[in-house]
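The two complexes that follow have chain A in common; it is paired with chain B in the first and with chain C in the second.
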Partner chain A sequence: MKYLGIEPQKPKIAVFDFTSCEGCELQLLNKEETLADFLNAVEIVSFREASSSSSDNYDIALIEGAVSRNDEVKRLEKIRKNAKVLVALGSCACFGGVNRLKNEFDLKSANKEVYGNDPKETINVRPVKDIVPVDIEIPGCPVSKAEVESLICHVVWDSPFQPPVYPVCVECKQRFTTCLFEKGQMCLGPITRAGCNAPCPAGGQGCWGCRGPAVEPNYDSFFAIVKEKGFADIELREKLNFFGAFQEVIIS
Partner chain B sequence: MLFKTIKKQDFFDFYFPDFQCIGPKKVGTNNNGKPIYQFLPFSSFDEIDLDYETTEYSAKTYFLPYKETLSSFSFEDNDWTQEINYSSNPRLIIGLHPCDINGLVKLDKVFEKTLFPNPYYITRRQNTFVVGIDCKQPCDRGFCSSVGSNTVTHGFDLFLTDIGDRYFVKIGSDRAFNALQKIKTRDITKNDNELYLQARNKFDDGVEKTVRVENLPNLLDIEFESDVWGKWGDKCLSCGTCAMVCPTCYCYGVTEHISMDFNKSDKIKQLYSCNLNDFAQVAGGHNFRPEPATRLKYRYYHQHRGFVESFGQPLCVGCNRCGRACLAGINPTDVISDLQREQKR
Partner chain C sequence: MKINLNVDVKHLARIEGHGNIKIHVENGEIKEARWDVVETPRFFEVMLKNKHYTTAGLLAARICGICSISHCLCSVRATENAFKVAIPETAAKLRLLAKHGETFQSHILHVLFLAAPDFFNEPSVIPLIEKKPEVIAIAIRLKGLANRLCDTIAGRTTHPVTFQVGGVTMMPQKNHLLGLQDELKRSLDDLQIVADLFSTFTLPDFIRETEFVSLKGEKGYPFIGGSLISSDGVEHKEQDYRPMTNEYVDKNNTSKWSKLSRESYAVGALARFNNNSQLIHPKAAEVAESLGLKPVCHNPFMNNVAQLVECFHVVHEAIRLIDELVESDPSETMTKVTPKAGEGVGAVEAPRGILFHHYKYDKTGRIEMANCVVPTTQNNANIHHDIKSLVKKSAMTKEMTDKKLELLCSMLVRSYDPCVSCSVH
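The block that comes next holds the complex of A and B.
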């Protein structure tokens, strides 16, 4: 497995789950055609979904999930100390994800609603970057395995890791989707970062922005368009809030 | 040019075994009940509708795909091999309107009749049998007549004009002449000529959208600092939709993809758009066009100034696909008229 005569170093990888659905972790084991090569390119030292071993000696920590309990804060701080590169994996880790919807409610009543008379210790949901510095973010609900692979190449070969800066519309157009606005639906594609290959509009669902903002989205213009097309503020707000990725513009 | 006429039903005997056939297919309707068409593969003529008004996407992707692998490298021990493949299978595209054929003729200038011809484009272009058809009436806010793209003289194999129960057919290539031997054609009569001219006049009478482009290259230079760019640029979402649907936008980026076993690497070309945020970003991170307004302006500069300077005609063929697809309502006739008004003030 030499590349130009150079034997690649296998980065030691540890995967950790926080508050999440573990879908991103499962995604790491997806894309069967390259899975064996993927597992061969790295050394997994800790990954609950794929192996029982666990170690504190790793180069890359992949963090799945948001933080919603105090013990998670401590655990995350410890991981940060051990890791050379800390990666926020998926929308929960990057933005808080769907879990962040909880922050809209009073914590106590939310707790009661979910756990009844057996309340759990809980705090407001926060993305990883609110607790410790994050080196690389791979957004998405779930993440794209291709992007994870590109991250591995980046770590091993120093090839650029650059998720698209442009919005979902580019990929949507490149697969010949009819724009959902044409069909009277709202879509956050024009302000959301591409890289997912626009599966939602292609499937007839407007984008909910799981990959977070594109680089320098034109919010003013987009919001004006949405309004002019007759969508209610509440509908827009609901979409922007869904993955917690648009906190920079959410107006209460 | 050789002309013939063909009975409509005879034309549909025109059969290309072993060709992939592409034509205007209805894919749905929009919110206002208007049909939406796309150029898509078909297997029988009743799947397509040659009376379509316009398509959502241009057919350029059959010549310049959104994504294509330019070359692959394989590594073995201390050596490597490069593989380049630009062969393409024969294709028939039927139903291209004059704007789209003119778009191809312009792409030919860039990729074929140039100092560094592009083999990827040329194989697709030469392996594609192009059958065009005249529009019965102008499409929604199309301004092809203003940029000289409402008629075609070359760039196709066959070109049809609907003259009632027959097509008036222009034969544009030897292979088209040969292919026509297999179906019933008739030499044109005086009456056919009249019907043809009537059809064309009817189209001309229907033209509503016009924009004067003769002095546009100079006007664009003069209005380089105009507020008009800010006005439209503030609306621009930098979403690239305009360039994706445009029959003539051909900008692209190339990226390297290393395979997961580290034994192979692909150079992949992807069509890009000058409206996208990092289009003019260079190594080191500097972005020469950080504002949407500047990027939007340069899209117009390429379409209506740069290309005119190089080739004596605008790149834009006036199909208004970009204008219809733009969520922000940015469209060439309004932007250009704004600039012209600016000058008169």
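The block that comes next holds the complex of A and C.
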């Protein structure tokens, strides 16, 4: 594919899946209006969910999923050695995602409950950055394909890649979505990084913080609003822990 | 015969999740023929414990990135059955419409993006962009429409937001529904081109008799709730899913296995069609006939065809449902919910087959026990036994090579459209 008569340099991309639902990879095949252009702009050398050919020669590794077994640690280390740029794709890769809720339980009894007397190997869930250095994070459950496209442009042409610094609230205002606090629901929109176009509040569901903290979130005033609206700390804690992105935040 | 064959596929491509095929034939004797699921377990049944009923559906959706609408709907249905909540009729219609959108999206993804490359001798859909642009244009158009339908009703295709215990939070705008209906009507021409294309493909001629399990349609081709049926004549109520599924742990697999009357059984589009073909939309029945799909069909490769036939069904049904929805009262989509102690089971036909969620609640509306039986969990043993039988029936010729056998077995596994991470959950 030539552009203005010039053959552009295609980055070699590999997609890998770890402990996850593979929904983020699926987004790579979505956004149908630009799908053909996207697939033409890059050279996908490894993408098991979509292709049976594969290669270890790649520039960008997109990693979906968290790490929850020792063989995944080794696999990830090998990928890090091969990749020039390693991207954590989605909330599981960035923060551990919902998988991290498992860490709240004793692993032996969890195993017993699901597999009886035939336990399967499992370790505490960890995000990718706990195992190997991550160059770029694209959070979200699932990720936004538009951000993946923007990342490709960033790596190939050095065009800016800057996810919004502001919180989800801004996008609700842009969409004219009624504030969920006004409807009596709790919402992590005031502290969560925008870029998703706020589909959850628009669909009547408070934000659960899948994209992690906005830049310099104002936790103090957020906690004050939550208290003023009468929500219990336990309810807030559950929301903060759900995607693993706010687990370290102390409620004050 | 001195036939020696070796196939060793680690992490089979173009399926969701991680599974291995291993075949070893020595001097004409099958030493090994296996399908093993090696996906990392996530322990969803444990993670669901202590969760509030308002959270369960959101968490359950994350079991699967492709059929998250089914998991969410199955979860809220289990909770509604536990609390004895009846949802408004409009909400039930919206849920079914989203379900049709998901079936459409998932089947198109599988049939055209994951399975079709095998029939064109290509490793993926990517080379087809240049070689078969007209097919890819249709594939992209159909998948885009199916995803827009899901987005409009469910708020998002992957990990829906509008389904809550008690109903649906949002009634889509009438003009959006009518716009989609118009597109759905036009998509039937595209679907017909896909059906014509499929009639030119040669599917492997392989039969292994098995048992098919699905919901039992009463008034229509079944998708959400109702009683359970098997092609061997076993019937149970929705809440009695355990004697239907009989899960057990296999030492080589992180997915459990299931069985009923035989060593294994199958679920999915082919099972639904085999058990409910008399209820499928007449236009879909015509397509089935033209593609040689007749109940009871025991060729697992025909699951691809059954999925395509179901696409016609769900598009026709979605067009009809939109007619009804634009006449419905938009204010009545949620019912008041009061949590109480109790147990409930939800059964839903996910794209890949029947799915069950079962929760036990305490009186504050928190989960004490959760159990999920997932379609591919039920298919894994059947895939395993199919591979054995396929090697026995098709591989014992001099013409067979390792490469050919690998492709044949990979296509067999892909025919089930396995959702492996989902099966392990």
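By our rule, the second predicted complex is superposed on the first by the 242 of 252 C-alpha atoms of A that agree within 3 Å, B and C clash if a C-alpha of one lies under 4 Å from a C-alpha of the other, contacts with A are read in each partner's own complex, and residues count from 1 in each chain.
The rule is simple: contacts are C-beta pairs under 8 Å (C-beta built on N, C-alpha and C of every residue); 3 or more make two chains touch, one makes a residue touch a chain.
All figures in this text were calculated on a predicted structure; none of them were measured in a lab.
*Asks:* After superposition on the shared chain, which partner residues are touched by A:Leu101: those of chain B (first), chain C (second), both, or neither?
*Replies:* A:Leu101: touches chain C, not chain B.
*Asks:* Between chain C and chain B, which one touches more residues of chain A when both complexes sit on the common chain A?
*Replies:* C
*Asks:* Please work out whether A:Ser54 is in contact with chain B alone, chain C alone, both, or neither, and reply first, second, both or neither.
*Replies:* Once the two structures are laid over each other on A, A:Ser54 reaches chain C alone.
*Asks:* Look at A:Val170 in the shared chain and tell me whether it touches chain B only, chain C only, both, or neither; answer first, second, both or neither.
*Replies:* After superposition on chain A, A:Val170 lies in contact with chain B alone.
*Asks:* Given the touch rule stated above, what does A:Phe18 touch, chain B (first), chain C (second), both, or neither?
*Replies:* second
*Asks:* Go through the superposed model and pick first if A:Gln27 touches only chain B, second if only chain C, both, or neither.
*Replies:* second
*Asks:* For A:Asn40 in the superposed arrangement: first (chain B), second (chain C), both or neither?
*Replies:* both
*Asks:* What residues on chain A does chain C touch that chain B touches too?
*Replies:* Residues common to the chain A contacts of chain C and of chain B are 40, listed in rising order.
*Asks:* Which chain A residues qualify as touching chain B in the complex?
*Replies:* Its residues touching chain B are 1-5, 8, 34, 37-38, 40-41, 149-150, 152-153, 156-157, 159, 165-167, 169-170, 173-174, 176, 178-179, 181-184, 189-191, 214-218, 220-222, 224-225.
*Asks:* Residues of chain A touching chain C in their complex?
*Replies:* 17-27, 29-30, 32-33, 35-36, 39-40, 44, 47-54, 68-69, 72, 97-99, 101-102, 105, 110-111, 113-116, 118, 120, 122, 141-142, 199-200, 202-205, 208, 238, 242
*Asks:* Under the touch definition given earlier, write down the residues of chain B that touch chain A in their complex.
*Replies:* On the chain B side, the touching residues are 27-28, 30-31, 36, 38, 40, 56-57, 66-67, 75, 77-78, 80, 234-241, 244-245, 256-263, 270-271, 273, 276-278, 292, 325, 327-328.
*Asks:* Under the touch definition given earlier, write down the residues of chain C that touch chain A in their complex.
*Replies:* Touch residues, chain C against chain A: 11, 13-18, 40-43, 45-47, 49, 52, 55, 58-59, 62-66, 68, 109, 113-114, 117, 123-126, 129, 136, 140-141, 143-144, 147, 154-162, 164, 169-170, 249, 251, 254, 410, 421-422.
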